[in-house]
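To keep things simple, chains are lettered A, B, C, D, E and F as they appear, and every chain counts its residues starting from 1.
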Amino acid sequence: MLALLQRDLRLALRAGGGFGLGLAFFLILATLVPLAVGPQPDRLAPIAPGILWLGALLACLLSLDRLWALDAEDGSLDLLATAPVPLEGAATVKALAHWITTGLPLAVIAAPLSLLLFLPGPALPWLALSLLLGTPALSWIGTFGAALTVGLKRGSLLLSLLVLPLYVPTLVFGAEVVRRGAEGLPVATPLALLAGITLGCIALLPFASAAALRVNLR
Amino acid sequence: MEFEARSLTCRRGEATVLEGVAFRVRAGEALILRGPNGAGKTTLLRTLAGLTPAVAGEVTAPPEAMAYGAHADGLKAQLTVAENLAFWAAAFGTGAEALARAEAAFDLAPLRARRAADLSAGQKRRAALARLVLTGRPVWLLDEPTVSLDAGNTARFAAAVRTHLAAGGSALIATHIDLGLPETRVLDVARFAPTGRQAAGSDPFAEAVE
Amino acid sequence: MSIWEYANPRRFMAASGAVQPYVWGLAILLCATGLIWGFFFTPEDFRMGHSVKIIYIHVPSAFLAINAWFMMLVASLIWLIRRHHVSALAARAAAPIGLIMTAVALITGAIWGKPMWGTYWEWDPRLTSFLILFLFYLGYVALWSAIEQQDQAADLTSILCLVGTVFAVLSRYAAQFWNQGLHQGASLSLDAEENVADVFWIPLVITLAGFVFLFVALVLLRTRTEIRRRRLHAISLKERLA
Amino acid sequence: MSWLGKYAFDILLAYGLTALLIGGLILQSVLAARAARRQLEERGE
Amino acid sequence: MLALLQRDLRLALRAGGGFGLGLAFFLILATLVPLAVGPQPDRLAPIAPGILWLGALLACLLSLDRLWALDAEDGSLDLLATAPVPLEGAATVKALAHWITTGLPLAVIAAPLSLLLFLPGPALPWLALSLLLGTPALSWIGTFGAALTVGLKRGSLLLSLLVLPLYVPTLVFGAEVVRRGAEGLPVATPLALLAGITLGCIALLPFASAAALRVNLR
Amino acid sequence: MEFEARSLTCRRGEATVLEGVAFRVRAGEALILRGPNGAGKTTLLRTLAGLTPAVAGEVTAPPEAMAYGAHADGLKAQLTVAENLAFWAAAFGTGAEALARAEAAFDLAPLRARRAADLSAGQKRRAALARLVLTGRPVWLLDEPTVSLDAGNTARFAAAVRTHLAAGGSALIATHIDLGLPETRVLDVARFAPTGRQAAGSDPFAEAVE
């Protein structure tokens, strides 16, 4: 199990992936948005919380598509399924590795980046905290989506169609935390809901992922 | 390890490929699967490995006793040979000793530090076969193991199988060539081609619906 | 004889073939009655004018859009637990109907929104969660059609349906949390119009019943088609693998 | 259509689009059913 | 050449891809943005042109990642490179197939969807026109990016990193056309620039793509 | 077609794998490449096919004369066998006649309507080999063509090669097993292993930089 985590992290670092890229995508998005919608601070500031959360969502999504597909193609998924590791455990570890390589660095770095979008200062810690609490849900949901589409050769658009609607609650509560933080309102409720969703995903989705994988391996 | 399969029906995708497969493998014995291309050798091995559930019939050994070596190598191109093997050793909970044995059996020491992507086809194959030694499992299921191996490495592989058998293990090997293993029996998979009529049983749509 | 007998494709074909004409008859009768009554023989609402007539398609389609998903959920569970092929195919058959019903509810709601709220689209929680439901239907249909092997597709879509239901409910709640919205408060409340309630209610209930029968009829028809297609698939498989 | 009042356009649009969508769905269902049955018959069932 | 186009379109349709999915992604994005930034029309309307163009960008990007990688993995890229088809031609055809499956449907359907973001009515035809003129550039640039990253196993994030900056001019002029259209200003200049970029991309990038492929095949 | 390679130096990735390769193939002749795993057979074939430029030396036949059959099958899993072959026939501009010949040579008629994903390993291999007939090119470069083929299909393959040679074509075949082709010469690739000193020549960083 630990070995799987280690292997996945190592692969992520070596295979043209790595911690940096999720961040880089996030940075590019934060640059493109002003280019697209116009540079006025009074236009950017109110949409900053939402855009930052959307960026996190898309960064997760982009790094997701080959989560299982690579293992399926080179035959290691077959071998993993016959190894004495429950597939549920493998799914958990995959999601964890995905989170460590995308969600975690995002949570760490998002706050400084958000200045590009003129996010008000008081919201910064809430942005970091909400990402820290919310991104695990994104990784776990994404692992499930990737398990569903592992057999498809060009699954990435279908994957996004399946996964993005599942991201809605996380996005809503996450962005709400930041928005309330920016306006100085209490954030306890959305934060608790966010944490609840994450916990639920971590507890239940590995079973769904493993079931989907087993069906796909048949 | 001794085990037996009784009237096994196997499917691949949506097709019933084998019916009524029955055989017995004794400890220390290798059973060679023969059959023309498309006969169902891969299908049978996947079923025994527990990847595809059998439609009917039973196997007396659990999937946990089986080590499956597939057509695909299952190597991570970005990892070195040593890293690849260490991962599988950890996944199967066998230690450094098994690792050393596996490396020795397939002479992998010179390749240890190479990325799997930089290996030739036969070198990849050797690394993939070494994994079997690592698993420490009693039954080896091998699907055309000697593909791309030269004569020297084929002999190495045969030696590894012999060692495994001598230690009381058993093996099922699908192959088209002669491996030079002593004391093997041959199972012709083509014998179990489905008769068509019985295949209907598993799929309610195989008969007319109206 | 237990109800599960009907999950045998051949039994189902026989039984559904027998009841289908009656269901279609009822559906057409009820829909026609309700819609004609509602369209031609109801008075003007004092606040909404004649635009209230949109209710006769908006509410039934919205009702079905939600309940089709629950039917799919139940069918998926039956497939996963008891492995009755007809059940999986019924879920598959219902999805496009749910998709269209969701689209109808969205479109009629949007059109109704123009006179009532002065805008075609409003990010009201109910509307938003309907849009998300539409996306769930799309994903479900897309997954079905992306996978070649039928039983595998049935399994995967069933799992998706289970997980999707949980998240659809969560999204509904999230949307409510996110925006209080117009839909109930600002629109007509049927309770507030007790005086004319019957006038609007009776044709609405009739249409609603008609839509339900229409849904059942369509599900039967489409399930029969799916069964035939599945049979064709089995035949072509046999030919290809010969 | 004056009896529909000032909302005539909206009402007719709503009914029209609905008829189009649901009609299309029914039509598609019927055509698909017929095609499947015919294909089966061609194969002798 | 025609055979290649036909094959690519057929594959796109069969392998869990298809015309519909790019649109679905676009629709999802149009739903997620208000969920993220808030539902107020006066907040959404001004950012609508930019967001819609960003959505087009991302829809293109998502369907891009396996453009060449699939061919490389199953060995057909090697065979294609030795076939009597110039790689430049193959690159053009790939880009064209990509545009037909993503850019073209997007240009057709974007206008109605834009109502969700309260894009002002006068801007609708300009949105459609700018997408029609601009999305080919996205496909051609994307084909080049995919050719650069074809050897990498987890290239999709890196790909986005390479490609998104190249998308900037298209994005800026495209969004500008729509914004001016929304405000009733003349749109000729950005439209001409957009068309110029697209023509330049179509004329020159296939050579770059082919060169990148040759290097990657070595 | 007759051609010759003269003092060819081949590289794979960043390593020089072969040096001073020289051979001549006459029309109607098949040259068998032998050599242990990792000797450089694949590297040589890729160089001849024009996929990897040679570091030094020359080949008298252009890459346009070569049809390359690699380790990988090059089949699109979602397309049927017929669609796959039709595509390659169109890409190489050979017509329906070549298509029919290719199908006949490897007995693909029963598999025409199958998706490539639903084929067994040997069936895939047959479809991949049929592509060579389609190309209509005079020189076949084959990298372990008989992998996963059963005895019957190996014979079919040998017959296809013989037909090709009889029509004045030539072939380079890397293989570890005996194909039963008459009149073949063997080239031992291991002879051309780089001596190390000369390999330095191509990489400016091979010598000390300070």
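Following the convention adopted for this analysis, a residue touches a chain if its C-beta (ideal position, glycine included) is under 8 Å from a C-beta of that chain, and two chains touch if they have at least 3 such contacts.
None of the values given here were measured: they were computed from a predicted structure.
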{"item": "Chains touching both subunit D and subunit E, listed by label", "value": "C"}
{"item": "Copies subunit E and subunit A - interface residue numbers shared by over half, same or different", "value": "same"}
{"item": "Mean-CA-position distance for subunit F and subunit A (Å)", "value": "44"}
{"item": "Intercentroid distance (Cα basis), subunit C paired with subunit B, Å", "value": "48"}
{"item": "For subunit E paired with subunit F, centre-to-centre distance based on mean C-alpha positions, whole Å", "value": "37"}
{"item": "Whole-Å gap between the CA centroids of subunit C and subunit F", "value": "57"}
{"item": "Set of subunit C residues in contact with two or more other chains", "value": "132, 135, 138-139, 142, 146-147, 175, 178, 228, 231, 241"}
{"item": "Sites on subunit F at which at least two other chains make contact", "value": "71, 77-78, 118"}
{"item": "In subunit D, residues with contacts to at least two other chains", "value": "40, 45"}
{"item": "Subunit F contact footprint on subunit C (complex, rising order)", "value": "148, 239-242"}
{"item": "Touching residues on subunit C, where the partner in the complex is subunit E", "value": "119-124, 128, 131-132, 135, 138-139, 142, 146-147, 175, 178-179"}
{"item": "Sites on subunit A touched by subunit B in the complex", "value": "2-4, 6-7, 10-11, 14-15, 73-76, 78-85, 217-218"}
{"item": "Contact set on subunit D toward subunit C in their complex", "value": "3-8, 10-11, 13-15, 17-18, 21-22, 24-26, 29-30, 32-33, 36-37, 39-40, 43, 45"}
{"item": "Residue numbers on subunit E that touch subunit C, as the complex places them", "value": "15-16, 20-21, 24, 27-28, 31, 34-35, 38-39, 41, 115-116, 118"}
